[in-house]
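What follows is a short report on a single structure.
Per-chain numbering from 1; labels A, B, C, D, E and F assigned in written order.
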Amino acid sequence: MPYVNIKITNEGATAEQKAQLIAGVTNLLKDILGKNPATTVVVIEEVPTDNWGIGGESITARRKRGQ
Amino acid sequence: MPYVNIKITNEGATAEQKAQLIAGVTNLLKDILGKNPATTVVVIEEVPTDNWGIGGESITARRKRGQ
Amino acid sequence: MPYVNIKITNEGATAEQKAQLIAGVTNLLKDILGKNPATTVVVIEEVPTDNWGIGGESITARRKRGQ
Amino acid sequence: MPYVNIKITNEGATAEQKAQLIAGVTNLLKDILGKNPATTVVVIEEVPTDNWGIGGESITARRKRGQ
Amino acid sequence: MPYVNIKITNEGATAEQKAQLIAGVTNLLKDILGKNPATTVVVIEEVPTDNWGIGGESITARRKRGQ
Amino acid sequence: MPYVNIKITNEGATAEQKAQLIAGVTNLLKDILGKNPATTVVVIEEVPTDNWGIGGESITARRKRGQ
(Lines give C-alpha, C1' and ligand atoms only; values in the text may rest on other atoms or scores of the structure.)
Protein backbone atom coordinates (compact mmCIF):
# COMPACT_ATOMS: atom_id res chain seq x y z
CA MET A 1 0.00 0.00 0.00
CA PRO A 2 2.79 2.50 -0.60
CA TYR A 3 2.14 6.06 -1.73
CA VAL A 4 4.70 7.73 -3.96
CA ASN A 5 4.69 11.41 -4.90
CA ILE A 6 7.04 12.47 -7.69
CA LYS A 7 7.55 16.16 -8.35
CA ILE A 8 9.27 17.26 -11.57
CA THR A 9 9.44 20.52 -13.50
CA ASN A 10 6.82 20.83 -16.27
CA GLU A 11 9.19 20.59 -19.18
CA GLY A 12 7.34 18.26 -21.49
CA ALA A 13 7.14 14.78 -19.95
CA THR A 14 4.87 12.74 -22.22
CA ALA A 15 1.95 10.53 -21.15
CA GLU A 16 4.05 7.54 -22.27
CA GLN A 17 7.00 8.60 -20.07
CA LYS A 18 4.70 9.12 -17.11
CA ALA A 19 3.17 5.67 -17.66
CA GLN A 20 6.69 4.18 -17.66
CA LEU A 21 7.50 6.00 -14.44
CA ILE A 22 4.31 4.70 -12.75
CA ALA A 23 5.05 1.13 -13.86
CA GLY A 24 8.73 1.35 -12.91
CA VAL A 25 8.24 2.71 -9.40
CA THR A 26 5.44 0.20 -8.71
CA ASN A 27 7.73 -2.67 -9.79
CA LEU A 28 10.60 -1.40 -7.61
CA LEU A 29 8.38 -1.42 -4.53
CA LYS A 30 7.22 -4.96 -5.32
CA ASP A 31 10.74 -6.27 -6.03
CA ILE A 32 12.56 -4.59 -3.12
CA LEU A 33 9.92 -4.54 -0.38
CA GLY A 34 7.30 -7.06 -1.57
CA LYS A 35 4.60 -4.37 -1.76
CA ASN A 36 1.33 -5.22 -3.51
CA PRO A 37 1.03 -3.33 -6.84
CA ALA A 38 -2.78 -3.32 -6.59
CA THR A 39 -2.66 -0.81 -3.73
CA THR A 40 0.49 1.11 -4.74
CA VAL A 41 -0.41 4.70 -5.62
CA VAL A 42 1.91 6.96 -7.65
CA VAL A 43 1.11 10.66 -8.12
CA ILE A 44 3.23 12.80 -10.46
CA GLU A 45 3.14 16.59 -10.07
CA GLU A 46 4.55 18.93 -12.71
CA VAL A 47 5.73 22.27 -11.38
CA PRO A 48 6.41 25.47 -13.40
CA THR A 49 10.11 26.35 -13.56
CA ASP A 50 9.42 29.71 -11.85
CA ASN A 51 8.15 27.78 -8.85
CA TRP A 52 11.10 25.41 -8.39
CA GLY A 53 14.26 26.59 -6.71
CA ILE A 54 17.65 25.00 -6.09
CA GLY A 55 20.83 26.73 -4.97
CA GLY A 56 18.72 29.76 -4.00
CA GLU A 57 17.45 30.54 -7.49
CA SER A 58 14.62 29.38 -9.74
CA ILE A 59 15.02 26.79 -12.48
CA THR A 60 13.89 29.52 -14.90
CA ALA A 61 16.95 31.59 -13.93
CA ARG A 62 19.24 28.56 -14.21
CA ARG A 63 17.88 27.61 -17.66
CA LYS A 64 18.57 31.18 -18.87
CA ARG A 65 22.21 30.73 -17.87
CA GLY A 66 22.32 27.46 -19.82
CA GLN A 67 22.16 25.09 -16.87
CA MET B 1 -4.45 23.45 13.91
CA PRO B 2 -4.55 20.38 11.67
CA TYR B 3 -3.47 20.47 8.05
CA VAL B 4 -5.25 18.19 5.59
CA ASN B 5 -4.19 17.61 2.00
CA ILE B 6 -6.66 15.81 -0.25
CA LYS B 7 -5.52 14.66 -3.68
CA ILE B 8 -8.11 13.54 -6.24
CA THR B 9 -8.09 13.10 -10.00
CA ASN B 10 -9.34 16.14 -11.94
CA GLU B 11 -12.57 14.64 -13.16
CA GLY B 12 -15.00 17.47 -12.56
CA ALA B 13 -15.43 18.06 -8.83
CA THR B 14 -17.55 21.21 -8.51
CA ALA B 15 -16.87 24.21 -6.25
CA GLU B 16 -19.92 23.15 -4.23
CA GLN B 17 -18.57 19.62 -3.72
CA LYS B 18 -15.17 20.98 -2.72
CA ALA B 19 -16.85 23.33 -0.20
CA GLN B 20 -18.72 20.33 1.26
CA LEU B 21 -15.46 18.40 1.55
CA ILE B 22 -13.74 21.32 3.34
CA ALA B 23 -16.65 21.67 5.79
CA GLY B 24 -16.94 17.92 6.35
CA VAL B 25 -13.27 17.26 7.08
CA THR B 26 -13.07 20.30 9.38
CA ASN B 27 -16.09 19.02 11.35
CA LEU B 28 -14.62 15.52 11.65
CA LEU B 29 -11.45 16.91 13.20
CA LYS B 30 -13.47 18.98 15.67
CA ASP B 31 -15.81 16.11 16.59
CA ILE B 32 -13.21 13.33 16.88
CA LEU B 33 -10.14 15.18 18.15
CA GLY B 34 -11.51 18.50 19.45
CA LYS B 35 -9.48 20.49 16.93
CA ASN B 36 -10.27 24.18 16.49
CA PRO B 37 -11.92 24.83 13.08
CA ALA B 38 -10.49 28.38 12.98
CA THR B 39 -6.98 27.01 12.42
CA THR B 40 -7.84 23.85 10.46
CA VAL B 41 -6.48 24.10 6.92
CA VAL B 42 -7.71 21.89 4.05
CA VAL B 43 -6.01 21.93 0.65
CA ILE B 44 -7.50 19.98 -2.28
CA GLU B 45 -5.28 19.14 -5.24
CA GLU B 46 -6.70 17.90 -8.55
CA VAL B 47 -4.33 15.72 -10.55
CA PRO B 48 -4.59 14.84 -14.28
CA THR B 49 -5.46 11.18 -14.87
CA ASP B 50 -2.19 10.68 -16.81
CA ASN B 51 -0.32 11.61 -13.64
CA TRP B 52 -2.07 9.23 -11.23
CA GLY B 53 -1.15 5.57 -11.10
CA ILE B 54 -2.50 2.59 -9.22
CA GLY B 55 -1.75 -1.06 -9.88
CA GLY B 56 1.20 0.02 -12.01
CA GLU B 57 -0.82 1.87 -14.64
CA SER B 58 -2.32 5.33 -15.07
CA ILE B 59 -5.94 6.18 -14.36
CA THR B 60 -6.17 7.21 -18.03
CA ALA B 61 -5.36 3.63 -19.03
CA ARG B 62 -7.82 2.22 -16.50
CA ARG B 63 -10.62 4.51 -17.67
CA LYS B 64 -10.05 3.34 -21.27
CA ARG B 65 -10.62 -0.23 -20.11
CA GLY B 66 -13.85 0.87 -18.43
CA GLN B 67 -12.59 0.87 -14.83
CA MET C 1 -8.63 6.54 -5.51
CA PRO C 2 -8.17 9.65 -3.40
CA TYR C 3 -5.13 10.14 -1.18
CA VAL C 4 -5.58 12.10 2.04
CA ASN C 5 -2.76 13.25 4.31
CA ILE C 6 -3.75 14.55 7.74
CA LYS C 7 -1.11 16.26 9.87
CA ILE C 8 -1.82 16.90 13.56
CA THR C 9 0.36 17.63 16.57
CA ASN C 10 1.35 14.54 18.58
CA GLU C 11 -0.73 15.27 21.63
CA GLY C 12 -2.21 11.88 22.38
CA ALA C 13 -4.63 10.89 19.62
CA THR C 14 -5.62 7.29 20.37
CA ALA C 15 -5.70 4.38 17.90
CA GLU C 16 -9.51 4.43 18.24
CA GLN C 17 -9.68 8.14 17.34
CA LYS C 18 -7.38 7.61 14.37
CA ALA C 19 -9.57 4.70 13.18
CA GLN C 20 -12.63 6.99 13.40
CA LEU C 21 -10.83 9.65 11.39
CA ILE C 22 -9.86 7.13 8.67
CA ALA C 23 -13.44 5.84 8.45
CA GLY C 24 -14.96 9.33 8.52
CA VAL C 25 -12.79 10.82 5.78
CA THR C 26 -13.25 7.75 3.57
CA ASN C 27 -17.05 8.03 3.95
CA LEU C 28 -17.00 11.76 3.13
CA LEU C 29 -15.17 11.10 -0.14
CA LYS C 30 -17.67 8.37 -1.05
CA ASP C 31 -20.72 10.47 -0.13
CA ILE C 32 -19.62 13.78 -1.68
CA LEU C 33 -17.60 12.67 -4.71
CA GLY C 34 -18.59 9.02 -5.21
CA LYS C 35 -15.01 7.83 -4.61
CA ASN C 36 -14.42 4.11 -4.09
CA PRO C 37 -13.45 3.38 -0.46
CA ALA C 38 -11.41 0.32 -1.53
CA THR C 39 -8.75 2.56 -3.08
CA THR C 40 -9.03 5.57 -0.76
CA VAL C 41 -5.80 5.98 1.21
CA VAL C 42 -5.58 8.05 4.42
CA VAL C 43 -2.23 8.74 6.09
CA ILE C 44 -2.09 10.48 9.49
CA GLU C 45 1.16 12.13 10.58
CA GLU C 46 1.76 13.25 14.16
CA VAL C 47 4.21 16.12 14.50
CA PRO C 48 6.03 17.22 17.70
CA THR C 49 4.79 20.60 19.02
CA ASP C 50 8.31 22.08 18.65
CA ASN C 51 8.06 21.37 14.91
CA TRP C 52 4.67 23.00 14.28
CA GLY C 53 4.35 26.75 13.95
CA ILE C 54 1.44 29.11 13.52
CA GLY C 55 1.44 32.88 13.90
CA GLY C 56 5.25 32.79 13.72
CA GLU C 57 5.78 30.72 16.87
CA SER C 58 5.80 27.04 17.81
CA ILE C 59 2.84 25.22 19.34
CA THR C 60 5.13 24.49 22.30
CA ALA C 61 5.44 28.25 22.93
CA ARG C 62 1.69 28.74 22.51
CA ARG C 63 0.86 25.93 24.92
CA LYS C 64 3.15 27.52 27.54
CA ARG C 65 1.09 30.70 27.28
CA GLY C 66 -2.07 28.67 27.79
CA GLN C 67 -3.29 28.67 24.20
CA MET D 1 19.88 19.14 1.55
CA PRO D 2 16.59 20.44 2.88
CA TYR D 3 13.37 20.25 0.91
CA VAL D 4 10.82 23.03 1.37
CA ASN D 5 7.29 23.00 -0.02
CA ILE D 6 5.36 26.27 0.12
CA LYS D 7 1.66 26.25 -0.71
CA ILE D 8 -0.13 29.55 -1.32
CA THR D 9 -3.39 30.52 -3.00
CA ASN D 10 -3.04 31.47 -6.69
CA GLU D 11 -3.74 35.15 -6.31
CA GLY D 12 -1.08 36.67 -8.49
CA ALA D 13 2.36 36.07 -6.99
CA THR D 14 4.88 37.29 -9.58
CA ALA D 15 7.96 35.44 -10.82
CA GLU D 16 10.04 38.09 -9.03
CA GLN D 17 8.25 37.49 -5.72
CA LYS D 18 8.67 33.74 -6.10
CA ALA D 19 12.39 34.21 -6.81
CA GLN D 20 12.68 36.30 -3.62
CA LEU D 21 10.91 33.59 -1.65
CA ILE D 22 13.26 30.89 -3.00
CA ALA D 23 16.32 32.99 -2.16
CA GLY D 24 15.00 33.96 1.28
CA VAL D 25 14.11 30.47 2.45
CA THR D 26 17.41 29.07 1.17
CA ASN D 27 19.31 31.76 3.11
CA LEU D 28 17.34 31.07 6.30
CA LEU D 29 18.28 27.39 6.18
CA LYS D 30 21.94 28.27 5.67
CA ASP D 31 21.99 30.90 8.42
CA ILE D 32 20.02 28.99 11.07
CA LEU D 33 20.99 25.37 10.41
CA GLY D 34 24.12 25.62 8.25
CA LYS D 35 22.44 23.84 5.33
CA ASN D 36 24.17 23.87 1.95
CA PRO D 37 22.27 26.09 -0.55
CA ALA D 38 23.50 23.98 -3.48
CA THR D 39 21.26 21.09 -2.43
CA THR D 40 18.38 23.05 -0.89
CA VAL D 41 15.21 22.54 -2.94
CA VAL D 42 12.21 24.89 -2.71
CA VAL D 43 8.94 24.08 -4.48
CA ILE D 44 6.08 26.62 -4.55
CA GLU D 45 2.57 25.39 -5.29
CA GLU D 46 -0.27 27.78 -6.15
CA VAL D 47 -3.73 26.50 -5.26
CA PRO D 48 -7.09 27.82 -6.57
CA THR D 49 -9.12 29.61 -3.86
CA ASP D 50 -11.98 27.08 -4.28
CA ASN D 51 -9.55 24.35 -3.23
CA TRP D 52 -8.22 25.97 -0.05
CA GLY D 53 -10.25 25.89 3.15
CA ILE D 54 -9.76 27.41 6.59
CA GLY D 55 -12.34 27.67 9.34
CA GLY D 56 -14.48 25.13 7.47
CA GLU D 57 -15.03 27.26 4.36
CA SER D 58 -13.18 27.98 1.14
CA ILE D 59 -11.04 31.06 0.57
CA THR D 60 -13.40 31.91 -2.29
CA ALA D 61 -16.27 32.17 0.22
CA ARG D 62 -14.13 34.22 2.62
CA ARG D 63 -13.04 36.63 -0.11
CA LYS D 64 -16.71 37.22 -1.03
CA ARG D 65 -17.35 38.28 2.54
CA GLY D 66 -14.42 40.69 2.34
CA GLN D 67 -11.92 38.67 4.36
CA MET E 1 16.09 17.98 -9.97
CA PRO E 2 13.13 15.73 -9.16
CA TYR E 3 11.84 15.27 -5.63
CA VAL E 4 10.35 11.91 -4.71
CA ASN E 5 8.51 11.16 -1.47
CA ILE E 6 7.80 7.51 -0.71
CA LYS E 7 5.50 6.66 2.17
CA ILE E 8 5.35 3.06 3.44
CA THR E 9 4.14 1.45 6.66
CA ASN E 10 6.86 0.95 9.27
CA GLU E 11 7.04 -2.81 9.07
CA GLY E 12 10.76 -3.42 9.06
CA ALA E 13 12.30 -2.08 5.87
CA THR E 14 16.08 -2.39 6.30
CA ALA E 15 18.70 0.29 5.59
CA GLU E 16 19.87 -1.89 2.70
CA GLN E 17 16.37 -2.06 1.20
CA LYS E 18 15.96 1.69 1.58
CA ALA E 19 19.31 2.26 -0.15
CA GLN E 20 18.14 0.03 -3.03
CA LEU E 21 14.93 2.02 -3.30
CA ILE E 22 16.83 5.35 -3.40
CA ALA E 23 19.19 4.03 -6.10
CA GLY E 24 16.36 2.44 -8.11
CA VAL E 25 14.09 5.48 -8.19
CA THR E 26 17.01 7.78 -9.05
CA ASN E 27 17.95 5.52 -11.97
CA LEU E 28 14.37 5.39 -13.26
CA LEU E 29 14.21 9.19 -13.40
CA LYS E 30 17.52 9.32 -15.26
CA ASP E 31 16.58 6.55 -17.72
CA ILE E 32 13.00 7.66 -18.47
CA LEU E 33 13.22 11.47 -18.21
CA GLY E 34 16.95 12.19 -18.41
CA LYS E 35 16.97 13.75 -14.93
CA ASN E 36 20.32 14.45 -13.30
CA PRO E 37 20.95 12.03 -10.36
CA ALA E 38 23.12 14.65 -8.58
CA THR E 39 20.05 16.76 -7.80
CA THR E 40 17.45 14.00 -7.47
CA VAL E 41 16.15 13.86 -3.90
CA VAL E 42 14.34 10.81 -2.47
CA VAL E 43 12.72 10.93 0.98
CA ILE E 44 11.25 7.76 2.53
CA GLU E 45 8.72 8.11 5.34
CA GLU E 46 7.71 5.15 7.52
CA VAL E 47 4.23 5.44 8.99
CA PRO E 48 2.79 3.41 11.94
CA THR E 49 0.08 0.95 10.86
CA ASP E 50 -2.47 2.69 13.15
CA ASN E 51 -1.95 5.84 11.09
CA TRP E 52 -2.45 4.33 7.63
CA GLY E 53 -5.93 3.60 6.32
CA ILE E 54 -7.25 1.99 3.19
CA GLY E 55 -10.81 0.85 2.51
CA GLY E 56 -11.93 2.90 5.50
CA GLU E 57 -9.96 0.98 8.12
CA SER E 58 -6.41 1.03 9.50
CA ILE E 59 -3.66 -1.33 8.37
CA THR E 60 -3.50 -2.50 12.01
CA ALA E 61 -7.12 -3.70 11.72
CA ARG E 62 -6.43 -5.33 8.35
CA ARG E 63 -3.34 -7.13 9.63
CA LYS E 64 -5.39 -8.55 12.55
CA ARG E 65 -7.78 -10.05 10.00
CA GLY E 66 -4.83 -11.61 8.20
CA GLN E 67 -4.64 -9.19 5.27
CA MET F 1 -2.90 31.45 4.91
CA PRO F 2 0.22 29.81 3.48
CA TYR F 3 1.30 26.31 4.45
CA VAL F 4 5.02 25.55 4.53
CA ASN F 5 6.52 22.08 4.98
CA ILE F 6 10.25 21.90 5.69
CA LYS F 7 11.98 18.53 5.58
CA ILE F 8 15.50 18.19 7.00
CA THR F 9 17.61 15.26 8.15
CA ASN F 10 17.38 14.52 11.88
CA GLU F 11 20.88 15.62 12.80
CA GLY F 12 20.26 17.63 15.95
CA ALA F 13 18.30 20.78 15.15
CA THR F 14 17.43 22.34 18.50
CA ALA F 15 14.01 23.65 19.60
CA GLU F 16 15.52 27.15 19.48
CA GLN F 17 16.69 26.71 15.88
CA LYS F 18 13.30 25.35 14.86
CA ALA F 19 11.59 28.34 16.51
CA GLN F 20 13.88 30.67 14.53
CA LEU F 21 13.00 28.84 11.32
CA ILE F 22 9.25 29.14 12.02
CA ALA F 23 9.57 32.87 12.76
CA GLY F 24 11.85 33.50 9.78
CA VAL F 25 9.69 31.76 7.18
CA THR F 26 6.52 33.41 8.53
CA ASN F 27 8.18 36.83 8.24
CA LEU F 28 9.36 36.16 4.69
CA LEU F 29 5.82 35.35 3.58
CA LYS F 30 4.53 38.52 5.22
CA ASP F 31 7.28 40.73 3.77
CA ILE F 32 7.33 39.34 0.22
CA LEU F 33 3.68 38.38 -0.36
CA GLY F 34 1.78 40.23 2.36
CA LYS F 35 0.53 36.98 3.91
CA ASN F 36 -1.11 37.12 7.33
CA PRO F 37 1.16 35.52 10.00
CA ALA F 38 -1.90 34.52 12.09
CA THR F 39 -2.87 31.87 9.53
CA THR F 40 0.59 30.91 8.27
CA VAL F 41 1.37 27.30 9.20
CA VAL F 42 4.92 25.88 9.22
CA VAL F 43 5.55 22.16 9.76
CA ILE F 44 9.12 20.85 10.15
CA GLU F 45 9.78 17.14 9.57
CA GLU F 46 13.03 15.48 10.61
CA VAL F 47 13.98 12.45 8.54
CA PRO F 48 16.53 9.72 9.47
CA THR F 49 19.66 9.83 7.28
CA ASP F 50 18.97 6.25 6.05
CA ASN F 51 15.69 7.54 4.59
CA TRP F 52 17.06 10.52 2.66
CA GLY F 53 18.76 10.06 -0.67
CA ILE F 54 20.51 12.39 -3.07
CA GLY F 55 22.70 11.44 -6.02
CA GLY F 56 21.29 7.90 -5.80
CA GLU F 57 22.63 7.12 -2.32
CA SER F 58 21.55 7.73 1.28
CA ILE F 59 22.84 10.57 3.44
CA THR F 60 24.12 7.86 5.81
CA ALA F 61 26.39 6.57 3.02
CA ARG F 62 27.51 10.11 2.14
CA ARG F 63 28.32 10.94 5.75
CA LYS F 64 30.50 7.80 5.99
CA ARG F 65 32.54 9.09 3.04
CA GLY F 66 32.95 12.44 4.81
CA GLN F 67 30.43 14.43 2.78
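Here is the rule we go by: a contact is a pair of C-beta atoms (placed from the backbone, for glycine too) under 8 Å apart; a residue touches a chain by one contact, two chains touch by 3 or more.
Computed from a prediction, not measured in an experiment: that's the story for all the values here.
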Third chains touching both subunit F and subunit A: B, C, D, E
From subunit E, the most remote chain by mean C-alpha position: D
Interface residue overlap between copies subunit E and subunit F, same or different (over half shared): different
Interface with more contacting C-beta pairs, comparing A-E to B-F: A-E
Centre-of-Cα separation between subunit E and subunit D, whole angstrom: 25
Whole-Å gap between the CA centroids of subunit B and subunit D: 20
Junction residues of subunit F - those touching two or more other chains: 1, 3, 7, 25, 39, 41, 43, 45, 52, 54
Contacting chain pairs - touch in the sense defined above: A-B, A-C, A-D, A-E, B-C, B-D, B-F, C-E, C-F, D-E, D-F, E-F
Contact set on subunit E toward subunit C in their complex: 7, 45, 47, 50-58, 60-61
Subunit E - residues contacting subunit D, complex: 1, 3, 39, 41, 43
Subunit A partner contacts - residues on subunit E that touch it in the complex: 1-9, 13, 17, 20-21, 24-25, 28-29, 32-33, 35, 39, 52, 54, 59
Complex contact set, residues of subunit F against subunit C: 15, 18-19, 22-23, 25-27, 37-46
